[in-house]
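Which chain is which? They are A, B, C and D, in the order written, and residues in each are numbered from 1.
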Amino acid sequence: MHIGLIGLGRMGGNMRTRMRNAGLTVVGYSRDPQVRDVDSLESLVAALPSPKVVWVMIPAGEPTRSTIADLKELLGEGDLVVDGGNSKYTDDAVNAASLAEKGIGFVDCGVSGGVWGLQNGYALMYGGSADDAAKVMPAFEALKPADTPDGLVHCGTTPGAGHFAKMVHNGIEYAMMQAYAEGWELLEKVDIVDNVPEIFASWRTGTVVRSWLLDLFVDQLRADEHLDGLRGYAEDSGEGRWTVEAAIENAVPMPAISASLFARFVSRQEDDVAMKAIAAMRAGFGGHSIQRSEPGTA
Amino acid sequence: MHIGLIGLGRMGGNMRTRMRNAGLTVVGYSRDPQVRDVDSLESLVAALPSPKVVWVMIPAGEPTRSTIADLKELLGEGDLVVDGGNSKYTDDAVNAASLAEKGIGFVDCGVSGGVWGLQNGYALMYGGSADDAAKVMPAFEALKPADTPDGLVHCGTTPGAGHFAKMVHNGIEYAMMQAYAEGWELLEKVDIVDNVPEIFASWRTGTVVRSWLLDLFVDQLRADEHLDGLRGYAEDSGEGRWTVEAAIENAVPMPAISASLFARFVSRQEDDVAMKAIAAMRAGFGGHSIQRSEPGTA
Amino acid sequence: MHIGLIGLGRMGGNMRTRMRNAGLTVVGYSRDPQVRDVDSLESLVAALPSPKVVWVMIPAGEPTRSTIADLKELLGEGDLVVDGGNSKYTDDAVNAASLAEKGIGFVDCGVSGGVWGLQNGYALMYGGSADDAAKVMPAFEALKPADTPDGLVHCGTTPGAGHFAKMVHNGIEYAMMQAYAEGWELLEKVDIVDNVPEIFASWRTGTVVRSWLLDLFVDQLRADEHLDGLRGYAEDSGEGRWTVEAAIENAVPMPAISASLFARFVSRQEDDVAMKAIAAMRAGFGGHSIQRSEPGTA
Amino acid sequence: MHIGLIGLGRMGGNMRTRMRNAGLTVVGYSRDPQVRDVDSLESLVAALPSPKVVWVMIPAGEPTRSTIADLKELLGEGDLVVDGGNSKYTDDAVNAASLAEKGIGFVDCGVSGGVWGLQNGYALMYGGSADDAAKVMPAFEALKPADTPDGLVHCGTTPGAGHFAKMVHNGIEYAMMQAYAEGWELLEKVDIVDNVPEIFASWRTGTVVRSWLLDLFVDQLRADEHLDGLRGYAEDSGEGRWTVEAAIENAVPMPAISASLFARFVSRQEDDVAMKAIAAMRAGFGGHSIQRSEPGTA
């Protein structure tokens, strides 16, 4: 199979390698001249036999939307665009409808795997018609983990089904991470237990909480027992936010995942904003202990 | 009525004044020679006619427990001890049973009012037998707000009923404060609204969220529009914690009050502890943006 | 002042009365022939002197959007549309821009007050230019509570500022209600306290938790001590959801308000959906107590 | 090694088998004559060589406390009691101190593994002195998973260290389960995705959320796609509650784990109690949609 790949960053670069290792012919385009195979979308499209399959693997939002708009100009009837980035699922319906005006197919595909994907394979969740999916299936087979039916799933025929599933995956991930983090903080805080890294390490076999995330966490704890080298600061990606928004839109209670998201928000505040309001009310009662800002720091 | 009052701090001192203004004879004891009327518990007890009524208004826990133990030695059949401090409700059963061994009565009384109580009256929630309560009723009448049946309630005959009700009051208070704080943070953050203090001020009449807490908050916002002079830091008292503990013990879901308590906990952390664990797991994925501690700061 | 009022339901009908009581000339239109003054938008607009001011007070979303589109056809340069319904703040920018194409002004106004507004006045939060606001000011003055500067606030010149403030007001309201509800459930559950309605009643004076919501709640508790006559079921309006969505979009932590929203979602589920998944995992462990559905009920 | 085992239920029975398979001599006692090896604690103790090691594997609380009190009478200097049940960590200090009065050692051991433990081994987290632990080490080695250093950890020398770690493990488990449950509910609710069981199944390889819990959940979903056969109802054990209580006592924020606990509480309510209060306040506003109880059902 021939495939065009737009975006050769952390994810795309490794995916090109994995597909080539599987025998696919991959033509890669990136803004970075050092890593790309062709120097324009036009050259990329020209290098592909029909039906042309182009996988877009760049930042979600405007970059992906405008690239797909460009591809609409370059591709034609029977060709296929795959959006493998972290696009919001609502973008997919718009992109699919636009491409369909020229008979171009569309598949959205959530990709999980990070830096481990090159070696272990990527988990792929895709949405779109069976016919469209068939055109990109050799790439899916190359990218997914070997020797297992897992790691590749058709989430639905509606555009966005794949990104929706990937989005929920990330929401779940947030709360799983928060679960370990809360337990770790409690174990760190109390005097009754010693040897917290080895407690977590012991959980990797035979317990209910064993997981790949736990394995990763143990490696970090063994390298830096109290995580002194890290700041208590976590960014969040769009997926976590969109998961909670989708939950609210659908009247689905989501207390643990939303709590995990909010914990990340708080971690990024220099001073805790809402608590300033709490402090103000406590000051209003009179007599409560509050802390004034340092002169000149407000 | 004659009453002995132990503890003449921020609360007790004003309560002595309010009771005296109402015509009661109050004998006050404190460790502080500047403010006390007598210099020992013995003298305080000696100054009271029988049946002697002694109101304890000192820090909860060991100080209150040991003072009540001392009073048990000094008082006798038919006398009464009132615990008006912030004792945990489970202490009351122990104290009541101990005093009962000598025929001394016991009333527990949660007191709300802060620095506003002297002028406006204190809200009183008490537990104990009707007979015991009758002995202290003139003091209750003097302390409570005037011209209203509100502000005084018999919460139950079981020792601790009053402190339990006061504890729940404080739990509710936490979540109400958090409600305003979350709304304020959002209004502060967005560009679409100006004039946030006046928005809150306008809510004081005609809206669903009008309350005394709102009034206090508006005064603070008008004095310091963005609360620049305050740190986002809030302590918590025992009552908030005990409310959630009692909820858990009774299988009562308490998501908003517990969230309010946890928000205070987080506000007191220099670096966000749980988020260090999140950062560690993200570091384990590879490729995620995390922040390392400054050299020498860990 | 002359004003056209579209929508004469629970809110609009009483607002017409309050404005007429203040001496305004109100021309009301509704789909209901029984209550309306004119039988078409055309007649309503024709009845107004220039500059014409039309207040839209109908359900948010499509009904409001299409009515404003109709008014755009009927009104002209210098006229004004006021959206007093519960529109999402993002709708306002669209409506304002559309009306501006014909030189028609726009003010968005969040209105609080419910059935109490007729007598006590409505709290009004508005957004728009000072010039536009001036045209509707006599109506604002008639509707707001009397004898107070509160109850009327200019939230910003950006369209949507008023609805945004009203939206946050409702979010705060959710968490305040949840605060009382959680405290009430705990007091109801335990044996240590009796007389829960009187405990809440006593809090109306002298405490930190006193509020108008508390007053309402006490009336209900006195009429039905254990609320046996009510189902534990609560709907939610758009404002609560939009508040949390806006918080997420702005990276504002909102744990208590979101918890309050989720509690309402859960209350409307016949069977607890997420807990079916928990039960499934527990079944997977083996040995845990789970409950099977009744035959034929699944 | 010889060991006495008290409690031969679901856990204890399989543990006896696993220890015997490893070559240990196990004397088991239970109230059930069908499964026990001896018919009294006296006989059990008599059957053991010194130093005698007795493992208690019965329900936490009063049963465990009274059994340990009985063993104190029967054992002597140098013997050892192991509490392998789900005791609260605060019980362990009391039991250890009591046994120490006669020179009897004590080890507390949290055990994870459920019905899978017989085959795969049990994860063991223990607290106590190294000398005491050495006496029971052959049993630990027999019970733990084979061919791994994981599954056995010395959590500290303070009595209760093991149960504390196990308690936190269970708290983490609650939030992990809640994470999957919330994600599942959202995927079930929306139309955009089909084939939810296969989405979860696909996640078992290559994703961030892969775990043993996920494996269990997939088996259940494949057997009953929409979990129609299960009621949305989940009990909670002491460990989840104690985890949150310990967090509160130590000022550790625990929003996700507490949310998971509260979700279980709600799932067990026939009618949502707190929401009755919300409905009452909404009824007080006037005009809101609430639901009255059916006549005769209150």
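The definition used in the following text is that a residue touches a chain if its C-beta (ideal position, glycine included) is under 8 Å from a C-beta of that chain, and two chains touch if they have at least 3 such contacts.
Predicted model, so just to flag it, every value in this text is computed and none were measured.
Of all chains in the assembly, those touching chain C and also chain D are A, B. Where chain A touches chain B, over half of the residue numbers in use are shared by the two copies, so each contributes mostly the same positions.
Our note on geometry: chain A versus chain D, Cα centroid distance of 33 Å, whole angstroms. Centre-to-centre, using mean CA coordinates, chain A is 46 Å away from chain B. Taking each chain's centre as the average of its CA atoms, chain A and chain C sit 36 Å apart. Shared interface positions of chain A, i.e. residues touching 2 or more other chains, are given as 114, 178, 180, 182, 185, 189, 208, 213, 251-255, 259, 262-263, 266, 273-274, 285. Chain contacts in this assembly form a complete graph, since each chain touches every other chain. Interface residues of chain A, counted against chain B in their complex, comprise 10, 114-116, 177-178, 180-182, 184-185, 188-189, 213, 216-217, 219-221, 224, 227-235, 255, 259, 263-264, 266-267, 269, 271-293, 298. Remark: chain C residues 89, 112-114, 117, 120-125, 127, 144-145, 148-158, 160-161, 164-165, 168-176, 178-180, 182-183, 185-187, 189-195, 198-199, 201-214, 243, 246-247, 250-257, 259-260, 262-263 touch chain B in the complex. Residue ranges on chain A touching chain C, taken from their complex, read 208, 236, 241, 244-245, 248-249, 251-255, 258-259, 261-263, 265-266, 268, 273-274, 285.
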